[in-house]
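Both of the next two complexes hold chain A, though its partner changes from chain B to chain C.
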Partner chain A sequence: MSFSFSQENSIKIASLLNRYPHKKALILPLLWFAQKQESYISEDAIGHISEFLDVPYMHIYSVVTFYTMFRLTKPQKRVIEVCATLSCELNGSEDIKAYLDENYSKDFEVIEVECMGACSGAPMCAIDGKYHENLTTKTIDEVLK
Partner chain B sequence: MITKIVSKNFEIPDSHLIDVALANGRYSSLKSVFEKEPQELIDIIKQSGLRGKGGGGAATGNKWQIVSDWDGVKYVVVNADESEPGTFKDRRILSLDPHLLIEGIIATCYAVSSNISYIYVRGEYEEFSDVLQGAIDEAYEKNFLGVGAKYRVDITIHRGAGAYICGEKSALLESLEGNRGHPRLKPHSPEPEFYFNEPTLVNNVETIASVPFIIENGADAYRAYGTEKSPGTLLFGISGNVNKPGVYEAEFGISMLEFIEKVGGGVKKGKKLKAVIPGGASTPILPYEMLKDARLDYENLSALGSALGTGGMIVLGEDASMVKALKNLLRFYHHESCGQCTPCREGTSWSDKILDRFVAKKATTEDLEILKSVSNSMNGKTICVFAPAASGVIDGFLKHFEAEFLECIV
Partner chain C sequence: MKILIDNAEVECKEGDLLIEVMLKNALEIPHFCYQEDLGADGNCRMCMVEIKGQKRPQIACNTFVKENLEVSTISENIKEVKRSILELELLNHPVDCAICDQAGECKLQDYYMDFGLYDSHLSTPKTKKGKHIDLGSNVMLDQERCVLCTRCVRFTSNITKTNELGIIGRGDNSRVAVAPGHELNNPYAMNVVELCPVGALTSKDFRFKQRVWFLDSTKSICHGCSRGCNIYIDYNETKYSAEKVHRFRARRNNKINKSFLCDYGRLSYKELNENFNADVSHVKDLKELLKDEKKLALVSPSMSLQQLQAVKSFCKDNSVELFSLPYIDENFGDEWLKTNDMSANFNGVKELGINYDEDEFGVSLQEAHVVINFDHKYLKNRELKSKKVVHFTTSHVDSDYELIFVIADFAHDSGTIINCDGIRQDFYATKYESQNSRLVDILEELK
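Presenting the complex of A and B:
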């Protein structure tokens, strides 16, 4: 299956082209567009970006694998990211993770992530990029209902 | 204890919208900016003693001077890759007063003769970055930015993708060029950073957001706050085992214990204070016994063997396990090591795995020796300060809380 950017994304990309001194700088923005479009970064998308920017496929692949937020596989379920770093752990993130695993792992992929910059709202999780802070088992149920 | 300079508009409803921002003084410093020559602005920033608020605390005016003096197309890059555990202040500026940041960027660009600015925002901050983008769009419409502006500045948000190390300025620039975020070797003489080989200024969000107040009110007005060597204010963060976690702006030099008690509401459930990690995870932990005279400024915390860092305090109460806390932090460093230097890539991994045995209470005396030796092997032997920071974290825990680690040895 070949990859191409949607018309909407192509317009956005065109407006970004003159924003950078070199096309190579567009690697991260284009990877984000690809991931938003397909929910992950396919080999075809990497190939397309490689041709579009005239940068070797292998370079783009090495960039994709460096950054935690880029995924090379299609998520089978919606993802819940639970912050597990110190301020969250001190405020019960382990219990939150256990509760999510027990009650929601059928429909969600529950993963632990490192500090999300929400330490004053610990414990917290992010779903579809949106932060949910000061979590309790009750608020989790409300959010996920 | 609270002093509001940067956070002045945080509590105003819809403060991120340009009409509200304009009604509350935003962009008013630009008149003073354009009345002056760029060099005058650099001199004011130097006189104000403004120090970088991303953790390092370097003199901002000197950085500006170096970029200004260097020939080439100049770039101003704003570091909004806030990822240091315990630090969550810049997101407040991005989402609650983005126009203050834009105003600061315009002044900074004018001062160093740059027309192009990038704001590198960590990937996780998507919703805050969207607010910032809305503010940038508004600033273009009102001709504060772009071709219609008095002084042309173009701002582009560049989204990171979940790599802590990209908060290190040279790694950030690598990332901004479309590479893996590998830090660069540091020069031996003063020089700017380089973006595609052109001279580049990299400043933290809060640093840039402090500029409008200084330009508008003068260096002395800023120096009226804080201490001689740490002038002004900082958005301190407080989290962990406290009653009122949050971001609170205060002058440098105030008492840490008073801040924790009065502003942070004290330790949860009336428990005793055990220790504080003073300025983000990478600053060595300090036990309660050492905090009696601790003050929140660069010099005082450095004299105590730690650092002010980002000012993001993580408070640990009497029930906190130091073994578990250190394991938590080493898991972080293991995950976030960029992998470029062997002592760091291997050292963070080894330490993380050894600490598993301490948490399971199945460690040996040799494990403790290896942990110390691995820590030593990471310190001062790598390209960037990530590994030395991890080493300092391990050493801090072992120095002040070794007894808890010894209890985990079978």
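Presenting the complex of A and C:
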């Protein structure tokens, strides 16, 4: 069950490679690619990135555990990421999270994440990575039903 | 150049690291993350000092001394700073010194007694982390006792370059760990136990066996290979048991092992506890055997110069042909401390001009009638048919012999050995008499 980057990701990585003085700088982008590709970061992916960047396995693993947005286990359901950072919080993200938990947690894994850079549409969430902004309980139902 | 530390003049050079100046002059400076061989990391903030002319306290491990520097480590202000830092260090610490193996040699405990002594301000429960995690290589981790100084991590990343350890998570959830499915596994792994300033890393081999304040220490040299790493033998004699060696600890020698040991050498203390009692033979029986014409002796290349010299004179006086052979293991040595020559004093053998030609030894062995083995490993368990074998030994002998003399081991017979780089080093006996005679004394009796 070995890991390798998809062709599409490999092209992106190749173009990133000469952007920084040291390969080590690519740890985060590569982890993102790996997570997007497999929906989580597998041990094999860590091993592959470690070899590719010539950075010790433990170091990559440390980085993965430092950031809350990386996951080490495969999601069992579809994922809804609810932003819980300032703008979204002020615009009611807590209620959105509670509503999702109550009504959709059977079919979805609802998690809180940090700002996704869509503050102008707060409160927002991402379903399977796709952004949904200016959420209300009504728009949630519309999207999910 | 001179600087002022707590109003006393201290000699140093411009650009020296303040913490090193203080440690060299035996001045108290609390520190967790700085370690002589790992260098400074600046993460623990325990080494804060006050510097005249600077608004905020500075860390001594990142301050380079210059002319007219005035340092205070004892002002009320700096004590308060240390108290606050300790409070943060201990925020999630279980304070279980009573059952912790590090108690008595724990920096956190020491500093708490000096600067801490506050009531906990914590209103929320302490963060729970992993207890007794087996990292591998005899090393046990208690994540709750860790102060995150990263000494252990830096040891595996900068010194052994094996990178097994790291810090995972963040904030008050940060902890030392190995990656899942991986373990701490390198021939020097147990050094992290000694490096750890607190009771987070303990040795499976030592934990729960002894309280450190019941141990005596003696300065010695590891006899595991020709590197001759400097050690302390930690031992004691308790009411209900005979003297026992409990561990070897690294003793600093910047020319040889710095503050490290290999695990093989560290654990080789066990040989010193092998109690071996045989019916010791009489010296007069040996005198009788010495009348034979064809006599050969093989002496261990791990014996001290004093022992080798005595053996050499004995052989000369009694016309015994003397050899020594090194203990070579091609798989033992590495690029760092371990050497393929696993004898402690082969350079001593050479210095005394003792014959170590293996072929000549083979030929002589065939012809000899009497073979005297001075604690050489190769002859201990080898049957020599139709020869009269005499053993002077520190450990159990499995083969047939004619006579046997049990002699004191290197923990009970001080001496000098020469390491692989020609460095001459003394080691000392523990304070307890051995039940066994010293080799030199037996040979004296034979004169």
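We adopt the following convention: the second predicted complex is superposed on the first by the 115 of 145 C-alpha atoms of A that agree within 3 Å, B and C clash if a C-alpha of one lies under 4 Å from a C-alpha of the other, contacts with A are read in each partner's own complex, and residues count from 1 in each chain.
The definition used in the following text is that a contact is a pair of C-beta atoms (placed from the backbone, for glycine too) under 8 Å apart; a residue touches a chain by one contact, two chains touch by 3 or more.
Bear in mind the structure is a predicted one, so any value in this text is a computation, not a measurement.
*Asks:* Tell me the contact category for A:58 with respect to chain B and chain C: first, second, both or neither.
*Replies:* After superposing on A, A:58 lies in contact with chain C but is clear of chain B.
*Asks:* For A:43, is the partner it touches chain B (first), chain C (second), both, or none of the two (neither)?
*Replies:* Touch status of A:43: second partner only.
*Asks:* Residues of chain A touched by chain B versus by chain C: which partner has the larger set?
*Replies:* Between chain B and chain C, B touches the greater number of residues in chain A.
*Asks:* Examine A:69 and indicate which partner it touches, taking first as chain B and second as chain C; both and neither are also allowed.
*Replies:* In the superposition, A:69 touches chain B alone.
*Asks:* If you lay the two complexes on top of each other, which residues of chain A touch chain B in one and chain C in the other?
*Replies:* 59, 62, 66
*Asks:* Please name which positions on chain B make contact with chain A in the complex.
*Replies:* Touching chain A from chain B are residues 73, 82-88, 91, 122-127, 154, 156, 158-164, 175-181, 195-196, 198, 237-241, 245-247, 277, 281, 312, 314, 316, 320, 324-325, 328-329, 331-332, 335-336, 338.
*Asks:* Flag every residue of chain A that touches chain C in the complex, lowest number first.
*Replies:* 43, 46, 56-59, 61-62, 65-66
*Asks:* So in the complex, the part of chain A that touches chain B is made up of which residues?
*Replies:* 16, 19-22, 24-29, 31-32, 53, 55, 59, 62-63, 66-70, 84-87, 89-91, 114-122, 126, 129-131
*Asks:* So in the complex, the part of chain C that touches chain A is made up of which residues?
*Replies:* Spelled out, the residues of chain C in touch with chain A are 157, 163-170, 178-182.
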